[in-house]
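Handing you a structure now.
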Amino acid sequence: MTTKQLRNLKHEKLQATSSWMDPEQRVILNVGGIRHETYTHVLKKIPATRLSRLTPNLANYDSVLNEYFFDRHPGVFAMILNYYRTGKLHYPTNVCGPLFEEELEFWGLDANQVEPCCWMTYTQHRDTQDTLAVIESLDLDRDPPTEEEVAKKFGWEDDYYSHSLNWWQRTKPRLWALFDDPNSSKLAQIRSYLSVIVVLVSILSFMAKTHPYFRIPQITVIYETGVILENRRAAIGAIKDFTQPWSHFFYIDAICNVWFTFELIARLFFCPNISKFLRSPLTIIDIICTVAYYIDLLLHAILLQAGSIVTLDFLSMICVMRLFKLTQHFSGLKILIQTFKASAEELGLLVFFVLLAIVIFAALVYYAERSQLNPDNQFTSIPTGLWWSLITVSTVGFGDMVPKTWLGMVVGSVCAMMGVLTIALPVPVIVSNFSNLYSHSQARSKLPKKRRRVLQA
Amino acid sequence: MTTKQLRNLKHEKLQATSSWMDPEQRVILNVGGIRHETYTHVLKKIPATRLSRLTPNLANYDSVLNEYFFDRHPGVFAMILNYYRTGKLHYPTNVCGPLFEEELEFWGLDANQVEPCCWMTYTQHRDTQDTLAVIESLDLDRDPPTEEEVAKKFGWEDDYYSHSLNWWQRTKPRLWALFDDPNSSKLAQIRSYLSVIVVLVSILSFMAKTHPYFRIPQITVIYETGVILENRRAAIGAIKDFTQPWSHFFYIDAICNVWFTFELIARLFFCPNISKFLRSPLTIIDIICTVAYYIDLLLHAILLQAGSIVTLDFLSMICVMRLFKLTQHFSGLKILIQTFKASAEELGLLVFFVLLAIVIFAALVYYAERSQLNPDNQFTSIPTGLWWSLITVSTVGFGDMVPKTWLGMVVGSVCAMMGVLTIALPVPVIVSNFSNLYSHSQARSKLPKKRRRVLQA
Amino acid sequence: MTTKQLRNLKHEKLQATSSWMDPEQRVILNVGGIRHETYTHVLKKIPATRLSRLTPNLANYDSVLNEYFFDRHPGVFAMILNYYRTGKLHYPTNVCGPLFEEELEFWGLDANQVEPCCWMTYTQHRDTQDTLAVIESLDLDRDPPTEEEVAKKFGWEDDYYSHSLNWWQRTKPRLWALFDDPNSSKLAQIRSYLSVIVVLVSILSFMAKTHPYFRIPQITVIYETGVILENRRAAIGAIKDFTQPWSHFFYIDAICNVWFTFELIARLFFCPNISKFLRSPLTIIDIICTVAYYIDLLLHAILLQAGSIVTLDFLSMICVMRLFKLTQHFSGLKILIQTFKASAEELGLLVFFVLLAIVIFAALVYYAERSQLNPDNQFTSIPTGLWWSLITVSTVGFGDMVPKTWLGMVVGSVCAMMGVLTIALPVPVIVSNFSNLYSHSQARSKLPKKRRRVLQA
Amino acid sequence: MTTKQLRNLKHEKLQATSSWMDPEQRVILNVGGIRHETYTHVLKKIPATRLSRLTPNLANYDSVLNEYFFDRHPGVFAMILNYYRTGKLHYPTNVCGPLFEEELEFWGLDANQVEPCCWMTYTQHRDTQDTLAVIESLDLDRDPPTEEEVAKKFGWEDDYYSHSLNWWQRTKPRLWALFDDPNSSKLAQIRSYLSVIVVLVSILSFMAKTHPYFRIPQITVIYETGVILENRRAAIGAIKDFTQPWSHFFYIDAICNVWFTFELIARLFFCPNISKFLRSPLTIIDIICTVAYYIDLLLHAILLQAGSIVTLDFLSMICVMRLFKLTQHFSGLKILIQTFKASAEELGLLVFFVLLAIVIFAALVYYAERSQLNPDNQFTSIPTGLWWSLITVSTVGFGDMVPKTWLGMVVGSVCAMMGVLTIALPVPVIVSNFSNLYSHSQARSKLPKKRRRVLQA
């Protein structure tokens, strides 16, 4: 007779004398081949879970070996059983968080019961999942969509399934891909490169035409200025009223904007869903920039007619927003924007800390500089001091305003030191958000796209 | 006859010939279902522990299987037993620190015996616990207190349990909640927003009224200045004595301070425990600011009467402290303050390093700049050099003082490089304190508040 | 009858009634001594793998114990089996990545199927392998090559194996080592130190000779200047045309360049493979610098002849490239260059972010400064503003250009704050690339070079 | 008949037919209760180790169970056995490095054979041990030494053991403790505080006396200046030759130096080992400072006698070194100094990178500023440019020198960006050295000093 038979005998006797519910009764749990043992009463500690409801009537009870078989991860189960034993749920650190949570779910346990010391582990993989969802939504390097997906996007599923797509329904998606997805065809790639170039040219022209080198003074020649020169001829005066950029810039801008208008109209015409398209931030920017250009053109013509020389800075400045059109083409920029979105709270914290610091130091330096005789005092008011304290806190330190008194220097010193801390504290949180997004997107791009399926037999 | 029976036989024989205490005797420890084996003498190595006192008389000894059963985590026990084997206590890194310490406690072992290589693991979760305690104390988003808790806080337990709370005892807590807990009611939330706005308005007014744009010159017109103008009329002179802020600011300040006074009195009147309330830092700031305002008002009136024009900068500057009233409303600010509290030692280190660096470089640059003929020497003394070396060390670099000699430039170069290090070394420690506090508070806020209880059966 | 025999009986019966392929059939997998259990149908989930093809006909099937034996790591197998159970592949974090991948390979599984939550673990050790490959290629402290390796490198394997190397074939490698490998001999070490010194002297001379202290004014004395002095003698004028460096520098440069030429020719003569040698970046730099020197010398002679005083800055500036010759001697520099190579993408990101930020802020500050009456406006055009915004974004803050209007200051403040973020975001990724390379190279240098072999019995 | 008996039978048969050395023979290794199984030939793969030499003749061979028993960590053994299986040694990450190495040593394996992917794990705990050794050597908060230790330190072991210590031998250690160990007695603590105060006063006096406010002009009155005033009286002239600090400073310095001299002599007199004491860096600094003071005093007296007014800056500057006397009292400073010692290589790297960057950018900016017509060129030579490029690279940016041409601005921009990288790359390595030292010393200070001993039964 083996020891196990002996034990089974003992067990049967126990069952005869006491109920199976005897709390001091040992129970064997065969999890994936590894046998865990505990007392029955331990499993009752957490009610309404798979283990608290164990009875010998279950299919996985082996009356010969007197054990319950569960086809689960045996290592992770040690942590699960420990939760029953100690009443404290800790995450193991040798397996991935989601794997543990899947086990918790199987055993009917709640991941929220996790102990405070494991909160970070608990939230960490939730953050990872958020990060992955963001990256997924960025559509960084998507596969070419299947015909079915395309038909769905355009809302022609019915026609697609009934194989009754007409010519337009077959052509429109291709034209849309030409203007939307650079990887769809050779032509789309050329279109994409052209777009980037036109945006860059437009920005360069926008910047260059403000430079004196590229501006022509608008000179008004005035005959009979009233001044009679020595040889009795009336002087001819010249007044430099204002300067205008080279006329070349006008043509460059015109060409660029024709392209933008064409692109915008084409997209508007070929897009699968106009209302969704019009609500995308990039389209809004595009429309604003294009409209601004035409308004600028119009106003310029009117004003020239009227002889006015007022330039509308606001309208031309809108052009800079065109830079954000590059997000379509550079994944790094997409990640940057997502980082700022994901770090909204931390950015708020940074701004709040900086505001707090600069208000305090502006007030302190203002009074400090007035406390001594200080003829060169540059801190004429607290609002002026705000500029100084921000420039000091950010360690830029232009030096256009500098405290001159002893007390002011002490305030400046503390401000410089606090600046280092004020910025050093919230920035790493934002940096880690960016690193997460960036490193996960890098990891994703290194993985092969096609993945073998697991059969759900 | 099975092998186990064989072994048991052998075992019985051994027990007959030698005592159970035979050090070469093997002992089987069934921990949570997994059987660990070792020699008896190994368990004797650490005296006065659960394992060193094992005898076959214990209830958990199974004479059939010749093993001791312990209902504990089997994986962690491998580390515990290894401590007996090698005499060195190492922390496992696949389970959470507190889980391991709970096991250590069960086995009667002392966590302090940990090897130096695991000190960091040992202190890390202690730090985590400190962090969690700090976050708990911050009361970031507490649940609304139950009536019982409220009664306890106000010291009316007896009345509460005897259901004899009078009208005032029922109303006072509600009024206190109105002024203390923005989440208690809609009205409390409005009161809270109003408070924030009044504080901001008060700070903005405080800053704006120092700006020349908002100041009115106080002009004294003097008739008969003694100067007799050409047409024999006595000149009328005007002396700009000083400037005064717009009178609007007086009213803004008055309204703000009326609100602050009202709030302070209300809180004082409704608070559960006056002496505790008066000892809280926020109340002290509040009282100081309010009292300062009234003293300022009084002195101003007296001085105007006396014809004096001295402004009391110190009293108005106290207003900036009102910014700290915002800590009540922004959890980020609470975490910042806790970070500075928790990092007192590291901040001391930072200040000490910076002081050391600036004293050395101020002395060096002072002598360096005197070592050569240098007519524009700005480093007239070592104390002057302190300002320069601090501004250089913090990489702000205003440029108001710059070394002009070769030797001075070398000193400046070393100072700039050392500055990077002086600050880079202690700051990450402070940053990690902040990150810990911030990330744990973020993790806490993501967890559901209600938690299922584990039965202590 | 033991329980196992019972089970085997049951098993045989099952086999009789149903096929072995009964999906509810349990299967025992003895992996390295630890018995894992699961259902047959679980192993069928991932087709075309070692476990899905299990049949009792295999050599490792033990019909007595009814188990399959595999001589593999039992702990890692729990993760492998869990992949079959859950259909999700997670990496364990208690073993090294490559170890897990080796197990995956053995079991016929594909590491690419890894779940998104483990992507970072998956790519991390791939990055480590890339890092190690880079360090290996740096040849940081290589062992002296064997005679066989040398012969192979020079392409004389045939002669080496036939023991017919002639005098030149025995001497050339030694001479090459003298000029290439400082660790090959005492003389080679002296040669190496000499090379470093000559490079440093050449750079110092290059810098020093631009300093006014080391330059002699070239004075042309002009008799009969046309000015007649009081005492009727024609004045003698002196014109300082230009300055020339001390003639000592000419000799220093000459000596240095003779050494460089000698070294270059020697290397060219003794190198194992001329075409490969000529394509190495260091050789190209060497040739350019040496040729530039001789062209400079020639042009100088010609120009002096022609009486011209034009200095060819471009040619002398090439000398600075000599600094990169030091890479041969300092491993830190090699790591720096490899970091920049490995971080090409991140550097691109940094440049892109900075360009984006400076263009936006240059445009904003330009219009902001024009929005108010601002006589001292320094932002005359957007291109000028680019310099200011870069200097602000990088927190250098020279202070040569400073916004003067309120709006400009607001733009400047945002620019200073964004600068901190723009740079703080991509830099840590580059820093971690450097840290990886540096720490791995440090780790490698601490390991003993000779390693004991494992027999592949 | 149990399955195990069956197997044993099979085993005996196998032993009869083939030798035990049959490579396909399975072998069972019971390590701490867990049974690992492998093939005999696998254990032969790594020769000359404990497992390759296994024979049934060993004491730990159990012929009944046909297994070898080893009283070691069962989890770690899975990694050890895997080394035999795969021929690759990986570190497990769920146990501490030293624990694994102890196991490796037991099994007769060489930790140096570790795979490249685990190099970092391998070196990490070696670095930890170095860090711990450094902290140990810092003697941060040592226990009071026993009488025996004291006697040993003074070289009086013989007298101590023969209980024949005379009065001086009993008193001297106490006096030494008074001057060396602030924790030894109340008086020693007061002495220690006094020392810190005297050092600080001495440094403050040293700085303050350079300030004009604390200096008295030395005026020489000259009668009969040669100038005859209008009212025929000879003028009395006054020449401000030089300034002298207030005489109070002379007394402060004298008192401080008397204390330093007294302390130095006392230490010299009471120290346990004079030659060792004289070789300690702090004693050397102490002696230099004290001697410098007396030489300064002497020279001053002689020079005053001689009528000379030359001040010896060098001698007074030595005083700043007194700051390092504070290392005795502040553990933070000790850690800073150790960090610089431990990071010598990385500091070298930092200096090398910075030098490389500033030389290149100084040359580039020099030629860039000369490439255009630039009347305000401040970059008159490359050495001058070195100062600018260092100040730019360190992001201090004083603004005393600024490029004025387009090309110069481009160079400046690249310099500012590269500066961020040049410094950001090597600094984190130094920072991590500091963090390690600091956090380990913090961890150590939190542990209880007394530790329970493990019996080596």
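When the chains are written out, they are named A, B, C and D in that same order, and each has its own residue count from 1.
The rule is short, and it goes like this: contacts are C-beta pairs under 8 Å (C-beta built on N, C-alpha and C of every residue); 3 or more make two chains touch, one makes a residue touch a chain.
What you see is a predicted model, and the numbers here were worked out from it, not measured in a lab.
Peer 1: Considering only chains that satisfy the touch condition with chain A, which of them also satisfy it with chain D?
Peer 2: Touching chain A and chain D alike, sorted by label: B, C.
Peer 1: Mind checking chain B against chain D and telling me if their interface is mostly the same residue numbers on each side, over half, or mostly different?
Peer 2: different
Peer 1: Using each chain's Cα centroid, which is most distant from the centroid of chain A?
Peer 2: The most distant chain relative to chain A turns out to be D.
Peer 1: Work out which of B-C, A-D or B-D repeats the contact pattern of A-B, with more than half of the residue-numbered contact pairs in common.
Peer 2: Residue-number overlap above half with A-B among B-C, A-D or B-D: B-D.
Peer 1: CA centre of chain B versus CA centre of chain C: separation in Å?
Peer 2: Centre-to-centre distance between chain B and chain C: 41 Å.
Peer 1: Using mean C-alpha positions as chain centres, tell me how far chain A is from chain C in Å, no decimals.
Peer 2: Using C-alpha averages as centres, the distance is 29 Å.
Peer 1: Show the residues in chain D shared as contacts by 2 or more other chains, in ascending order.
Peer 2: 2, 34, 75, 93-94, 395-399
Peer 1: Would you pull the chain A residues touching chain B in the complex into a rising list?
Peer 2: Its residues touching chain B are 2-3, 6-7, 10, 23, 26, 28-29, 34-39, 41-42, 44-47, 75, 78-79, 81-82, 85-88, 90-94, 110, 112-123, 126, 348-349, 352-353, 356, 359-360, 362-364, 366-367, 370-371, 380-384, 386, 392, 395-399, 402, 409, 412-413, 416-417, 419-421, 424-426, 428-429.
Peer 1: Can you list the chain B residues touching chain C in their complex?
Peer 2: 2, 93-94, 395, 397-399
Peer 1: Would you tell me which residues of chain C are touching chain D in their complex?
Peer 2: 2, 4-5, 8, 30, 32-34, 64-65, 69, 71-75, 93-99, 102, 125, 128-129, 132, 203, 206-208, 210-212, 313-314, 317, 320, 323, 330, 332-333, 336, 339, 350-351, 354, 387, 390-391, 394-400, 423, 427, 430-431, 434-435, 438-440, 442-444, 446-448, 451-452, 454-457
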